Amino acid sequence: MKKLINHPENVVTEALQGMESAHADLIKVHYNPNYIVRADAPVSGKVGLLSGGGSGHEPMHGGFVGYGMLDAACPGAVFTSPTPDQMLEATKAINGGAGVLHIVKNYTGDVMNFEMAADLARSEGIEVEAVVIDDDVAVQDSLYTAGRRGVGLTVLAEKICGAAAEAKHSLQEVTEVCRKVNSQGRSMGMALTSCTVPHAGKPTFEIGEDEMEIGIGIHGEPGRQRMKIKTAAEIVEMLVKPIVEDLPFKSGDEVLAFVNGMGGTPLIELYLVYNEVQKLLSAHGIKITRHLIGSYITSLEMAGTSVTLLKLDDQLTKLWDAPVKTPALRWGM
Amino acid sequence: MKKLINHPENVVTEALQGMESAHADLIKVHYNPNYIVRADAPVSGKVGLLSGGGSGHEPMHGGFVGYGMLDAACPGAVFTSPTPDQMLEATKAINGGAGVLHIVKNYTGDVMNFEMAADLARSEGIEVEAVVIDDDVAVQDSLYTAGRRGVGLTVLAEKICGAAAEAKHSLQEVTEVCRKVNSQGRSMGMALTSCTVPHAGKPTFEIGEDEMEIGIGIHGEPGRQRMKIKTAAEIVEMLVKPIVEDLPFKSGDEVLAFVNGMGGTPLIELYLVYNEVQKLLSAHGIKITRHLIGSYITSLEMAGTSVTLLKLDDQLTKLWDAPVKTPALRWGM
Amino acid sequence: MTLSRDVLIRWMQLFAQSIEANKDYLTDLDSAIGDADHGANMHRGMQAVLSKLPTVAESDIGSILKTVGMTLVSTVGGASGPLYGTFFIQMASGASNKMELTLEDYINALQAGINGIVMRGKAHLQDKTMLDALQPALDALKQAAESGASLQDALEQSAAAAAAGRDATTPLLARKGRASYLGDRSIGHQDPGATSSHLLLQSLVDAVKA
Amino acid sequence: MTLSRDVLIRWMQLFAQSIEANKDYLTDLDSAIGDADHGANMHRGMQAVLSKLPTVAESDIGSILKTVGMTLVSTVGGASGPLYGTFFIQMASGASNKMELTLEDYINALQAGINGIVMRGKAHLQDKTMLDALQPALDALKQAAESGASLQDALEQSAAAAAAGRDATTPLLARKGRASYLGDRSIGHQDPGATSSHLLLQSLVDAVKA
């Protein structure tokens, strides 16, 4: 296992300490239970936005805490959902009196832990809503009743809902916006390499020098299918076609295209992938009006990419464009 | 070789096309010869800032073109300095009448090509200055008369000089600022893995599962020393100590600390490394007042990190804080 | 014979040991069809339980089980945290103020625990989850009780049924949890949660014997 | 015997072929002590030269050499681009309007080319660069000329000296170019630029023979 770490047990805590000392102007880090809050939390009269999930997906979610995005994030152990007590404490810390929205990625563990936390928070008198993000079209069979995974769309939902909350929309309204994002966005991902969970000490899966996994999630789990590696153009077609057909996206649609790196893929490749996405969508008459390119929701050091498309309208575009100031996303201020 | 590409020959062009279609609001891409310019170039009365170098270091340099940073960047083939004709065309395209500064990383090829370009531009009546960045303390022996390499400090120099140029400082003044940054900054890097140049098709060097290279550059070249992999704390000490001793940085100094990923290292590890840097510097009485954490000057998909320290004063801090709006660095607007 | 407070505490200690011994094994199973953390998750949780046990050394069985459950909920995370946590919390519900459990008490407690898992996780039998070890274990326990087996024999038959249930997860296609994302590729791998559930029931056998 | 325009054009064609055949070899050498691009760099440049050659089919030798040099400068990049580019541009300087080169002309041209490389790259002998192949080649050429050798013999001796110079780079510690960053670790590896320089001079021998 090759990592810049001290001890597998301490990776999450020490990375949090690094974030804390780097971004003291934007965030505060609380330990035991672990959560990251906006430096100015709670913001009175504003809906509080909480997300969380296993660590190993950085910058998600902690890197998205700040003005115009999340109020708090709960980091779990690597690839392990955080626990209800973390979420409860974070919920309390960001409740500015207008209620709290939990943005939950659809994994059994995340959903159950957030459910328990919401129950506990409600029993303490805090109004809590939850939206479960499930955008991964790689998981398509309705027999598999855990449902689709939550992946790249989560980042877009956090930004857009963050803007809505910052504009002092009500809990009801922010929740609606989040549901809308979830209903209008789809993702799919692939991997060239596995990643290594620090505790496990060896790659989660073995893969040949000429192979790739299509339809992966973000936890180093194997994908839906293994095949010989293909060109970027072919790979993009394998990712984008199921996305376009699923919603479906139609000619004339305006979309936000998010080309994400899985952690070990360099930016030069992401731009090359974006170029293919752009060509393919324009052949379908779909117009990219906003974009995000970079490694924003990762699987440790996995090499690979995911594509997320979100159908935009005026409301979502405006919320996307609104100022944001977090460790990992920043514009307009 | 595992890469998200179509054909090794086309990597640079296709990545440029991706940048072009993504960032049309910020930059224009010119092909044959290849260069990237600010969408509003030339800015009349402003010193033009040009940098360039081999591709494979993304986002450097193309990702730093835009308001408050570079006016143009010339991308060469992967890890190969661009050619004088690219630089000449770019120099002409950004000359707003106040002259052009070339920011050159100290590699034999880069220096010679930029020298030829500057001669050509001057012969066409453009005032050109050049500053060679040579911050890599891994290259320490004065016998090796190619001198130190230019690495991470280049990013900081481009940002800071970009702010000075934006404030309409003269060519003389911007050049002075650049020399000052170069004299007050030092870097050192290490790698856990090699990278694979697309043309070459196989890793530049072989390295064992328990080994690392210390004192690497940014071209997948082997480092000064190979050794067994160590903890993040020990690695940071091996990187930071030579930096601190070289300038030297002293107790009471205020610095910008730049923890850079080499392309294949995830953000969680960079924060962990930053945490170690912060602890070590504070033990030396050196205070981090500004920071940059992320993969900004990379070696394709290499796993590894580099640390750059720049001694700050009021002037440099103000220039660092000034607004910047480029594909890869953005704040204040 | 009944299950005393001491036996219950020894149960948790032996389960923690068993998890420690099988940590890498559980993680390997989870690597194949999940995210390579089940061993680490359970280990983190049971270490926390170990350190909490002294605080309930004098408490009734309900409090012991509830503390175990709450500790697991707040330290494990993932799917197994809320599931095992709920399991113990629900087991505790009928045991408050009890200082020992008869076989019948234990059957009721196990039934309540399993109900909690189903309520929380909404899994069905054959979905390739821990339920596939626990439910057969409960059935065997009831059958043993009906046929008048001793507590120890009943627990042994229950653990054996859990082992069989665990083994039977291998050919199943997963329909719940992370493994379900793999579709057909989940077939042929033993479920990690069913494996840890068997370890749990086997540890009780060992605790009774010790 | 003299070097005609046709021979010079054939020289460039054969050099391009030789680079193509040795592309991976040059890159491998550059992987060991550089950045794994010397083969690709030279190949890109010589392919561009090939496509430019028709435009100078009727020109004098000075124009041919200058076009080669300018093309290399604008397509190779890296260290070898300006160095080989300057080499040919400087070779061209004494050959303008010439339709053939005598041995003496060629000696002067090679001397000018090497001077250009030294001016641009500021390398010394034994710095482990292309100079370590080129300078011995020039020396051998001069010696052969003095001893009255034929043009062909002189070129052969020159190429042989380049080969020996190339081989002699292996034990050297690099002091110029990228390999210098390796310090002691550069010792024991043959210099890629010296290797391509030998290919260049060998291609001229082959062009004369063909």
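All chains are identified by letter, namely A, B, C and D, in their written order; residue positions are counted from 1 within each chain.
Operating definition for what follows: a residue touches a chain if its C-beta (ideal position, glycine included) is under 8 Å from a C-beta of that chain, and two chains touch if they have at least 3 such contacts.
Computed from a prediction, not measured in an experiment: that's the story for all the values here.
Setting subunit B aside and leaving every other chain in place, the chains that still touch form these groups: A, C | D. Chains that touch both subunit A and subunit D: B. Centre-to-centre, using mean CA coordinates, subunit A is 29 Å away from subunit B. Note: centroid distance subunit C to subunit D, computed from Cα atoms, is 75 Å.
Spacing of subunit B relative to subunit C, judged by their CA centroids, is 55 angstrom. Chain centres here are Cα means. That of subunit A falls 32 Å from that of subunit C. With chains as nodes and touching pairs as edges, the resulting graph is an open line. Pairs of chains in mutual contact: A-B, A-C, B-D.
Residue ranges of subunit B in contact with subunit D, taken from their complex: 33, 54, 76-85, 107-109, 112-113, 115-116, 138-139, 141, 143-146, 149, 197, 199-200, 204-205, 217, 219-222, 224. Against subunit A, in their complex, subunit B makes its touches with residues 2-7, 11, 14-19, 21-22, 55-56, 58-59, 63, 192-193, 209, 212, 229, 231-233, 235, 263-275, 278, 288, 291, 293, 295, 298, 300-301, 303-305, 328, 330-333.
Within the complex, the subunit D residues that touch subunit B are 27, 31-37, 39-41, 44, 73-83, 120-122, 127, 174-178, 180-183, 185.
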